[in-house]
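Labels run A, B, C, D and E following the written order; every chain starts at residue 1.
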Amino acid sequence: MPRSFKVRSKKAGLPPGSLVHIGEQKREETRVTILDYDEAHVEEKEAETVGECFPFKDRPTATWINVEGVSDVQAIERLGGCYGLHPLVLEDILNTDQRPKMEDYEQYSYIVLKMLTYHDPSGQVQAEQISLVLGQNFILSFQEGKEGDVFGPIRERIKTGKGRIRKMGVDYLAYTLIDAVVDNYFIILEKLGERIESLEEALVVNPTTGTLREIHSLKREMIFLRKAVWPLREVISSLERGESPLVRESTRVYLRDIYDHTIQVIDAVETFRDMVSGMLDIYLSSISNRLNSVMKVLTIIATLFMPLTFLAGVYGMNFKYLPELEWRWSYPVFWLVSIAIGVSMLVYFKKKKWI
Amino acid sequence: MPRSFKVRSKKAGLPPGSLVHIGEQKREETRVTILDYDEAHVEEKEAETVGECFPFKDRPTATWINVEGVSDVQAIERLGGCYGLHPLVLEDILNTDQRPKMEDYEQYSYIVLKMLTYHDPSGQVQAEQISLVLGQNFILSFQEGKEGDVFGPIRERIKTGKGRIRKMGVDYLAYTLIDAVVDNYFIILEKLGERIESLEEALVVNPTTGTLREIHSLKREMIFLRKAVWPLREVISSLERGESPLVRESTRVYLRDIYDHTIQVIDAVETFRDMVSGMLDIYLSSISNRLNSVMKVLTIIATLFMPLTFLAGVYGMNFKYLPELEWRWSYPVFWLVSIAIGVSMLVYFKKKKWI
Amino acid sequence: MPRSFKVRSKKAGLPPGSLVHIGEQKREETRVTILDYDEAHVEEKEAETVGECFPFKDRPTATWINVEGVSDVQAIERLGGCYGLHPLVLEDILNTDQRPKMEDYEQYSYIVLKMLTYHDPSGQVQAEQISLVLGQNFILSFQEGKEGDVFGPIRERIKTGKGRIRKMGVDYLAYTLIDAVVDNYFIILEKLGERIESLEEALVVNPTTGTLREIHSLKREMIFLRKAVWPLREVISSLERGESPLVRESTRVYLRDIYDHTIQVIDAVETFRDMVSGMLDIYLSSISNRLNSVMKVLTIIATLFMPLTFLAGVYGMNFKYLPELEWRWSYPVFWLVSIAIGVSMLVYFKKKKWI
Amino acid sequence: MPRSFKVRSKKAGLPPGSLVHIGEQKREETRVTILDYDEAHVEEKEAETVGECFPFKDRPTATWINVEGVSDVQAIERLGGCYGLHPLVLEDILNTDQRPKMEDYEQYSYIVLKMLTYHDPSGQVQAEQISLVLGQNFILSFQEGKEGDVFGPIRERIKTGKGRIRKMGVDYLAYTLIDAVVDNYFIILEKLGERIESLEEALVVNPTTGTLREIHSLKREMIFLRKAVWPLREVISSLERGESPLVRESTRVYLRDIYDHTIQVIDAVETFRDMVSGMLDIYLSSISNRLNSVMKVLTIIATLFMPLTFLAGVYGMNFKYLPELEWRWSYPVFWLVSIAIGVSMLVYFKKKKWI
Amino acid sequence: MPRSFKVRSKKAGLPPGSLVHIGEQKREETRVTILDYDEAHVEEKEAETVGECFPFKDRPTATWINVEGVSDVQAIERLGGCYGLHPLVLEDILNTDQRPKMEDYEQYSYIVLKMLTYHDPSGQVQAEQISLVLGQNFILSFQEGKEGDVFGPIRERIKTGKGRIRKMGVDYLAYTLIDAVVDNYFIILEKLGERIESLEEALVVNPTTGTLREIHSLKREMIFLRKAVWPLREVISSLERGESPLVRESTRVYLRDIYDHTIQVIDAVETFRDMVSGMLDIYLSSISNRLNSVMKVLTIIATLFMPLTFLAGVYGMNFKYLPELEWRWSYPVFWLVSIAIGVSMLVYFKKKKWI
């Protein structure tokens, strides 16, 4: 539900570029880790203060500064100052309700992504904002700071020097970071796919009000997912086709690959949406069907017994002159007639395919 | 409802450029305030007559003339005359049912926006038209004149000289004005978001006819909001990409920022629309569900008692030769049979999952 | 309903450019009025024969020839011959089921518009086709010829010389004619808006089958209106942006103004459509709601009285050995039990919120 | 219904350009007629064998070769060989399930159209494929060969030399052929319009299951029609704007005219679709409405008689001590009470507007 | 259902270009067949090891290497190494959940297609991924390796030298391969068309819950089909219009032909979708209709017998003073009245058209 603009209003009235953290605070202190590498060496370091990052700025090596937790406004302002970030970029880093976007500045490109996590019992998908600043020889990445991220294997690869990552520049690193985020979407989709699958089964076997609520909740997850994924397409397409000198030709082919993945994710989300709304139709039809079968039972019972009850009522009348009452075989005849009526009703219903 | 073109018809037949005020008159007299500033000085002044604005025209300083109330046609005509506004611009300023738009004229750009306010008990969103005329060194802003606007903090910032506002030109001022209007949308969205949230809860707990009316009314607010917000996207995008020399390069990056916000607002409105129409589906399903459960109760009761009533009717018959009547254990056997029928019915319903 | 292509078929098989009048004949004879003016003079004249128009062709003054009634094929053919109109243009003038369009020919531009009128008791919107031929120094306008048009005030303005109309060329006159037609749409919209408003009230107070029919009929008016209005957007946009030398630069700004109005009209039509289809949803929900409440009444009554009737039936049985029959307090106890059953049922329904 | 790709599968696996006739065989032998003309002369001839067409190829006069029946593969192959048609064009001529399209080849343009016919009792629209090959000085037209076509009046015009058709080239002839096909659509639309109109009336007066089936069948006709008409728009637009030297400048204005007609047809089809789906809504509402009124009758009856039946049951009980039984006025009082209950129920229902 | 991204997640975290087989393993060993040909000779060979393919690389003849089964990662890597394929291409070949796409690399073009098969009892459509690598003088094709493919006739044509296939280059071979895949879609469509047709009949004759499930399952097949077919349009259009020197001018006309077929397939899928969702509407209406008729039966029965039962109950009362009980003709009069009531009810229902 309105997961995304809850506290935006606290910024209204402030001058543009005012640095205020917007969003749920997911981590108390800010944790800064530096990974500096070139083909030959690699250096990892956890920075106590933001100031420790500054010396890396002028080194020719590739530097990846990862900031977890964006509620410490001062620290981020200082870092931004050192790396020459525009106040609006800093503002966007702090406001964690951005939609995915890409903006070219002269010295760097600024990219906003959403990292998604799936909460297992509730089935809710949650988003964490990832901001990337891609410079000539550095990448700054800002996470909201929930425990855990999807970048672990990348760090490992850099440290061990496996693959081509150490040989390629920071643009390739940017690509691998985005790729990790997008690859993670497939896991979310798989989880949602399982949920849909089990929901479809429930729908066929025994649809309840809970099924309806589940459909509704899935629909909302889809709306949420869509918002995170659709804009990505444009982001990556503009990275790929963009004229930014920060992205080398050799990296573009990889970006095209992520672009394909993004399209695949969007495709899947749209397919899910189609499926979920199809399920609502099925649910409604099955309710109607059940109403129909309930009504048939009622109608059959009423149609069977109403004439019979009337008949019994007739011979319960106290008229003095009611000849049948005196007859010897009245009672057995009454039963015969009753059973005949009952059977003919049942035959009629059978013919109408009600039973 | 038809909140927007109610009295437009009174213009039909008049020559183009005829100055007639269209819309609800929200304020009797027109109030004109002048704010003239450059980096070094600032001068604020409430003008008695429109004439007091004229001297500011030729000053090199930045001048912001804010007009509240647009029903005094003469005053606005005179002001327009002094600042060289095209008759069609004046017409548009007076007709408060414009949709947001941007028009480039040679000497100035004309921008129409909608300032929204949320009325708390009724939950209605209302719009006030803001017209901005951005010239080389002046901005004219026209409001319909309801009490209060969203520009207070900007005035404060100019007067105190906080931030970069005094150092940048009038194009930056235009940006801050638009930004204030757009930022205000987030507050409206938040309010609507809360309403949707509480409606969703009501929908789950106890949907009533009132819920339906609330859904319907929310839907209408969305239609209304959409009309105010969608065109804005184009307005700001054409300001940003436009070739107007009035907007300096340094300001464009800020406009891109508002553009992002606008997209976010549109996104939110669309998400809300999706949610609200999803709610209608849920409401309809829950009505059907309830009908189902009502019908089940009826069917169970009827199916239980109809056979029994028939049976009681049978032994209420006055046939002379009805052997069971004479038997000693007829009555207890009758009850046993009745209970057996009742229990077997209930077991049947249990098996069918009706109870 | 199929108001627009009813008799088109009578043209099938004829060679292109065959002049056949298509559409309802709204006027018997053709009436031609000429208005010739420049800044200094004005001359108005009702032409007996079409031939009287010919001398005006070569005058440098602006000439507006207005033709009411297009069923006199010969007259229109002669006029077309004199002013050099292409056979296809003449064909389109006669076929009154065109959609709005603009076509540039070398010597002139041809514009088709729809003038709408609202018929008050039935609430039907009807269209009359207006064809404009804009030449270097003349305008030919063709109306189907229903009594009355929206051009009265324009004639007045030309004759009295009020405003800038006499100073500007025929392109400005074309603009004012189109503007008059578009302004008239607002009146139609207002009327429809009122109808929607009163329908919404009826929907809340007491929805009947008549409400449904009204919704349906409004929907059809919207479909009809849409067809008249949507293409207009392109017409005016291509007039404004077109490279036709017939439209002077100074007139373009006015065309932009009509363009805005057209967008406003389209917006309103779309909003109305949204509202009307929302109303259908509400109507359906309220039917379901009512069914629900009817069924509840039935269920409550049946559930109350069926057990009681059974009980009464039991003690109406004629068993010889039925001990309760002999007891002294049986009857009052029966009533007590009955009332107890009734009350507990009601409590149960109360708890289920059915009553 | 799957009217269009039923036997396509028999081509799967064949090399491209394999000439196999696909579609229902509508005519046994192939009939070839030649119409050769210029401004001065005209020659009509029914060809016994395809070979008779060959001499016309090199004549400077305009030649129209019309082929009815496309199941004689050899004949068409020979004709194609003589006129230099690409194997793929021949393949497309034989496969009668093409969608309308236009393809430029170096020496000629290939156009596929659908000629529609309306079958009166069933109300089904059927399509026949028309292939046109427009060369420098010849037109080949291929029809599937059902009895009758829409080209009769054109032949007449060529033979009598009426109109400008003999003076203009084959491109103008191509235009008249397309125009005849499109004009014919209006007749189909008119028929469908009448069907819709009568359906709407039935819907208001007495909607039955037949109405539903009719709505459904109309919907399918619309889907079918759409497929034939939508692509036409692009076909004609690319003919008009195309750079093909085969289409002279003077003919383009006529093509623009057909383009307009096509848009009109599409418009009408879309309007019909809107109307038909609106009718489904109305149908569903009217079913619900009727269910409502049925249920009201049931509820009123049950609510009236259930309490009364209970009351009668009470005084049918055989309790020894049941004081009312002995009273003198019990019976009349019983009736009075019964009537009072009945009347008050009716008043209640009246108030609830159920009766 | 989520047939397409089930195991994608096992790649998350791996470096890009990591070769992991994704998808169901459809075949254990990889089978490689080589077909080398020019106009004069043809050589077919089943390769034991991938290495046997290498010598063909530098031959000027056209070489088609077909690989069935993509789970042997090493073999594919070696083949890719020899033919200079980019790691991302190899990755895509192994990941069998790609959507159709075309990518130009410097030395070759990479094309992904979906080959569909229809499983007859279940009616499910299944997809197998076909990857084509089109080089200067070679084509590599990779299939997932299910038994059987659609390329048999093409092999035959190459071997026998029938048609133009041996004279044209590998680009023409690529075209025939794609054409075979697309032609195969028509067979699938035909099967689905038959299913829809039989479903429509079932819907009219006797709609059951099974019909609903069938509709739902068809809807899902459509969603699945759409995903395989829609992107194809872009693939082929970019092949046709692309500037790749690998595709000769003479082949482009054939690609245009496949493009047409693709559009036809898409058209058919969309038509099917429309039809299937129309069927859901019909199904829902027919359920409502049946509910209506059930309720009518119930209402008629209840309305008939309730008053009669009441009447019988009245004369079953034991009042001492109940004059009718003593009358001579009470009983026959009772029956007369009962029948009169019954008949008048039936007349009433007849008039209301319920029976």
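Quick note on the criterion: a residue touches a chain if its C-beta (ideal position, glycine included) is under 8 Å from a C-beta of that chain, and two chains touch if they have at least 3 such contacts.
Being a predicted model, the structure only gives us computed values, none of them experimental.
Common neighbours of chain A and chain C (chains touching each): B.
Listed here as common contacts of chain A and chain B: no chain.
Work out the mean CA point of chain C and of chain D, and you get 26 Å between them. The centroid of the Cα atoms in chain B and the matching centroid in chain E are 42 Å apart. Annotation for chain B: residues touching 2 or more other chains are 284, 288, 291, 295, 298, 302, 306, 309, 313, 316-318, 322. In ring order, beginning at chain C and turning toward chain D, the chains are C, D, E, A, B. For chain A in complex with chain B, the touching residues are 1-2, 4-6, 8-9, 11-17, 86, 88, 91-92, 97-99, 101, 103, 105, 206, 209, 212-213, 216, 219-220, 223, 227, 280, 283-284, 287-288, 290-291, 294-295, 297-298, 301-302, 304-306, 308-309, 312-313, 315-318, 322, 324-331, 334.
Chain contact summary for the complex, chain C toward chain B: residues 150, 152-153, 157, 162-165, 175-176, 179-180, 183-184, 186-187, 189-190, 193-194, 196-197, 200, 204, 253-254, 256-257, 260, 263-264, 267-268, 271, 274-275, 278, 281-282, 284-286, 288-289, 291-292, 295-296, 298-299, 302-303, 306-307, 309-310, 313-314, 316-323, 353-354.
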